[in-house]
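In the two assemblies presented below, chain A is common to both, partnered first by chain B and then by chain C.
What follows is the complex of A and B.
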């Protein structure tokens, strides 16, 4: 079997590693580097124009206020602002807790649910051979192809007192206000309604990726396990779960980034209310930019969101490059 | 290959033709859609017939324009030629990007709402007026249950209690919600009724604090007791349907509701007992200076503000003319009755539309909280003071 040039270089077969152009994390030969830059140039120009320049400009703006250079004071102000973080109310479990904490709660609840539910559904559907499986898969996947604006409207009506299925069912079961009322109207339930709605919207993504991952697992592994007398649970735990780990990690990373920048459904369903009880960072950024007409605070919030997403983005990029 | 070139040729011709046709049309952007837009489209049609200038009507709300226009203006572009927004404060903020429309309104007799002027330039013109006269009810519902409009605060509370006791009624008053604005209208009406015009204007200008004892008293003595009989916030068009079906007895809303119900003749309205003023507002017309058809746009603005244009709009109902020289005879019966009911009332500009910005969003949002958690009153008032624009 032929080993790759990089493996050869590492193992010392070619003496010392070749000198070449450093391209992000990978060292490649000079000729290949020029060709690579040639192929990448259009993409790089577009990325520079539409990603790097706006990002740098946003970071730059976040260091100013209307009077001039402000250093990191915009960020300090953000963390002092009760609309961003209110630990006191969080500890007393009285919403609102601030946009940042709402985002973190969103991640804490939504991430395990969507990743777990998508995995369970993918495994369950792979075991069942029936005519309705495709239909059910399609129905679950509908959430991910539904525009988030439409999703927000659906969530609003799903939890509405008169038209909403959820309060009606809970009301019939004897639940009191706010569970049997409009969830999005009450501070105790508004954020929860959005999170539950977003689980419905995003589970399809997790399910489809896990289904794709399942199809790559060699069936012989299961057959061998069955011959050895392994139970379904043991097969799931020792074969499915470890072999799906790369897919699960990608799903988790993508879900984390999605949760961090969540905006549309909050904007449509609750506008962050009532009383800021379902506000999130992206909506707070919108309010600053388009309501307060304060590009500096908005840029600081945008930078904050980027900073939170950077570790995951970095890990993801490294993973894609096989490091 | 020759066929391919032919197809390209036809496509190029079609593209050029459609671009040409598009370029000639005056793009008008306003927030009204469906039946609400019909009376306005009738004015545009009359303009087209008179001048031969074709138009394209697009629907965008103030919130949507607020997101799109800053970026467009920054690069010297505009999505339309004649635009409408309810946000007068926003037009002021972006006055540098607007065409001066002084000549188009030089002879217009305005009422309580006047054009927005910045540095001697008229940059925003109030178009059709809406008012929020008070609580609407179905005459048939009131007759069936032997109810009548209240003449004192005690009467009002007794009315609420009687409505609530009617079998099948969920709450006495429906609370419409659309990101919170119908709730803000209700609160403004209470302030006008029990605090008066001076308090209202003081709160609008920031000279009176929300946490001041006299303002707080209006909440504790009037608004919070009212909330015991009011529904939780419900999407406002759904609330209108539920109220019309009899699940609620009264509904606070602007006069555009006359165009949204099956039988406007069955509508009755009363202001809170003691009220001598009601709020009103408008959508402001503006023409971005980046329009490629400024002269045609100005012609349309002049027509919209002319007596002829205003009378066509008035005939469609749902809004009142901005010109004071439009006769009540120009309106449908529901608006004529409203004009009669408003005799003796002062009309003041809507508070949150005047202040605008972040405070407006906070006002809406905090009232949504107050509606379901009246015990949060002190927090709500504190936030309203904290968020009030400085300077």
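What follows is the complex of A and C.
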């Protein structure tokens, strides 16, 4: 029974008269078809040449090694590679844990913090009316426009042994090495320093979107709740949070994609060091391709990052296309 | 009134914490190097242009060269794809043809593609085309890379415009392209401003694409020069901070003066 409406729909589609000529594997209705071709061709050529072809080529290369077709062995190798995954050290909490695990730890810490902080700050700022609000917002939004390569420099600077603020404060509070020394120079703290720094850089993004979401919520809802005697927390829990949910999901998705391809910060602040303790997939891919000149392994790593990204990308595209 | 005091405290505290690292970089860039060796927050405070001049005229990574290259790349890689994307957005937003749905989905999926996925073949391709190590190659790569999200954003905007205007133009005998150029394009200007501001900032801030496509010191863009200012064995924080300050000053100015378009671009599509 379930298939019958579907079959009907399909036969209905088939029943439609098919006019037009096949162009670029796309059957185009006469009239609009040519116009569509005219409007789209320039962009499609650029995208096909510099985005689609290289991605397909990377996917293809990931299935080969220097001796020829290799199937999925490049990927199997990756999961055996201590540079990528090192569960033993992870369980013993001895960095490095491998680039993939570093990325996953990054996501596990950075995602809830940025999404949550952005939400809290957006709500807090929406309640404040003062002359300095614009300036204060600006300070937090700065991270969005800061080039990540500059962001990486600032993070390194923040955690530097003598010149850095954080180790100096912790030292004054009586903390020992590595907390009072250069965080980026010690395996135990290098990754953490970068993650904290990236929270600082990315919270502004979460806050901008949440603030925009807040401004679409009808004020009358809060007024009605106040008349009913709802507490501040109850209003947040039962009005703000559920109505902001779609925005929060989008922020989480975009943050996830951002974390997976993190590169510049690590490149300039630690180069993945010390001893690989802050290495990430994108950096490992770069080393593999452009330092070790092994396009096969590099392609496998790139494909791995894409495999993690695509489900989120699919969800996101479907949502934005309103399906 | 108590609730506002709580919110105010959070807002002030957050703003201070978020601003301090930037203050540190500015202070370090604008003070003599020996003064900030053990912390930029320690007195005495003296003003010095030495670091800024040093970074601007650095022997191997002169930011004056990088800035010029970055300006060229960022402007080229903003204007070209903005025009191309507005054409595509109109085609996808207004025209009905078979394969439109799958094409939109493909473009949507490209939004999530990491740059690493194109890096190696793009490098080979540019080499084969003689565009490696050239600003033109970098502009083309950035243009193609930026197109998917620009198309998505502009298509969303076009679909909010009333169709009646176009129909009137069509009835008066204007073709599809004329209708686009004289009716839709002017109406799209606010959306185009957002797209251009964001694309300009992203291209300016990009490091990865430039890193794999450009290696001649005279053609490097400004973000590429930052790691070069660091020095091999010891970090000259004064010089590095000055470089950082100069590099981020451009997107900062764009943000300060065009904030409205910037924020609108960021939230476009995400919040609706």
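The working rule: the second predicted complex is superposed on the first by the 277 of 323 C-alpha atoms of A that agree within 3 Å, B and C clash if a C-alpha of one lies under 4 Å from a C-alpha of the other, contacts with A are read in each partner's own complex, and residues count from 1 in each chain.
The criterion applied here is as follows: a contact is a pair of C-beta atoms (placed from the backbone, for glycine too) under 8 Å apart; a residue touches a chain by one contact, two chains touch by 3 or more.
Only a predicted model underlies this, so the values are computations on that prediction, with no experimental measurement involved.
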| item | value |
| --- | --- |
| Room on chain A for both chain B and chain C (clash or fit) | clash |
| Which superposed partner A:186 touches (first chain B, second chain C, both, neither) | first |
| Touched partner set for A:135, first chain B, second chain C, both or neither | second |
| First, second, both or neither for A:108, with chain B first and chain C second | neither |
| First (chain B), second (chain C), both or neither touched by A:224 | neither |
| First, second, both or neither for A:162, with chain B first and chain C second | both |
| Of chain C and chain B, partner touching more chain A residues | C |
| Which superposed partner A:316 touches (first chain B, second chain C, both, neither) | second |
| First, second, both or neither for A:234, with chain B first and chain C second | neither |
| Chain B versus chain C as contact partner of A:178, first or second or both or neither | first |
| Chain B versus chain C as contact partner of A:290, first or second or both or neither | both |
| Stretch of chain C, among 129-137, 147-155 or 165-173, that runs into chain B once the two complexes are superposed | 129-137 |
| Chain A residues contacted in one complex by chain B, in the other by chain C | 156-157, 160, 162-163, 286, 290 |
| Residue numbers on chain A that touch chain C, as the complex places them | 20, 25-29, 32-33, 35-36, 38-40, 42-44, 46-47, 49-55, 57-58, 61, 120-121, 123-125, 127-128, 130, 132-133, 135-150, 153-158, 160, 162-163, 165, 168, 200, 203-205, 208-209, 212-213, 216, 232, 246-247, 250-251, 254, 257, 260-261, 263-264, 267-268, 281-282, 285-286, 289-290, 295, 298-299, 301-303, 305-306, 309-310, 312-314, 316-318, 320-321 |
| Parts of chain C lying in touch with chain A, wherever the complex brings them together | 3-4, 6-8, 10-12, 14-16, 18-22, 24-25, 28, 36-41, 81, 84-85, 87-88, 90-92, 95-100, 103-105, 107-123, 125, 140-141, 143-145, 147-148, 151-152, 156, 176-177, 180, 201, 204-205, 207-208, 211-212, 223, 226-227, 230, 235, 237, 240-241, 243-244, 247-248, 251-252, 254-256, 262-263, 266-267, 269-271 |
| Touching residues (chain side chain A, partner chain B) in the complex | 156-157, 160-163, 178, 181-182, 185-187, 271-277, 286-288, 290-293 |
| Partner chain A, residues of chain B touching it in the complex | 66-67, 70, 93, 177, 179-180, 232-235, 238, 242, 357-358, 360-361, 364-366, 368-369, 371-373, 376, 379-380, 383 |
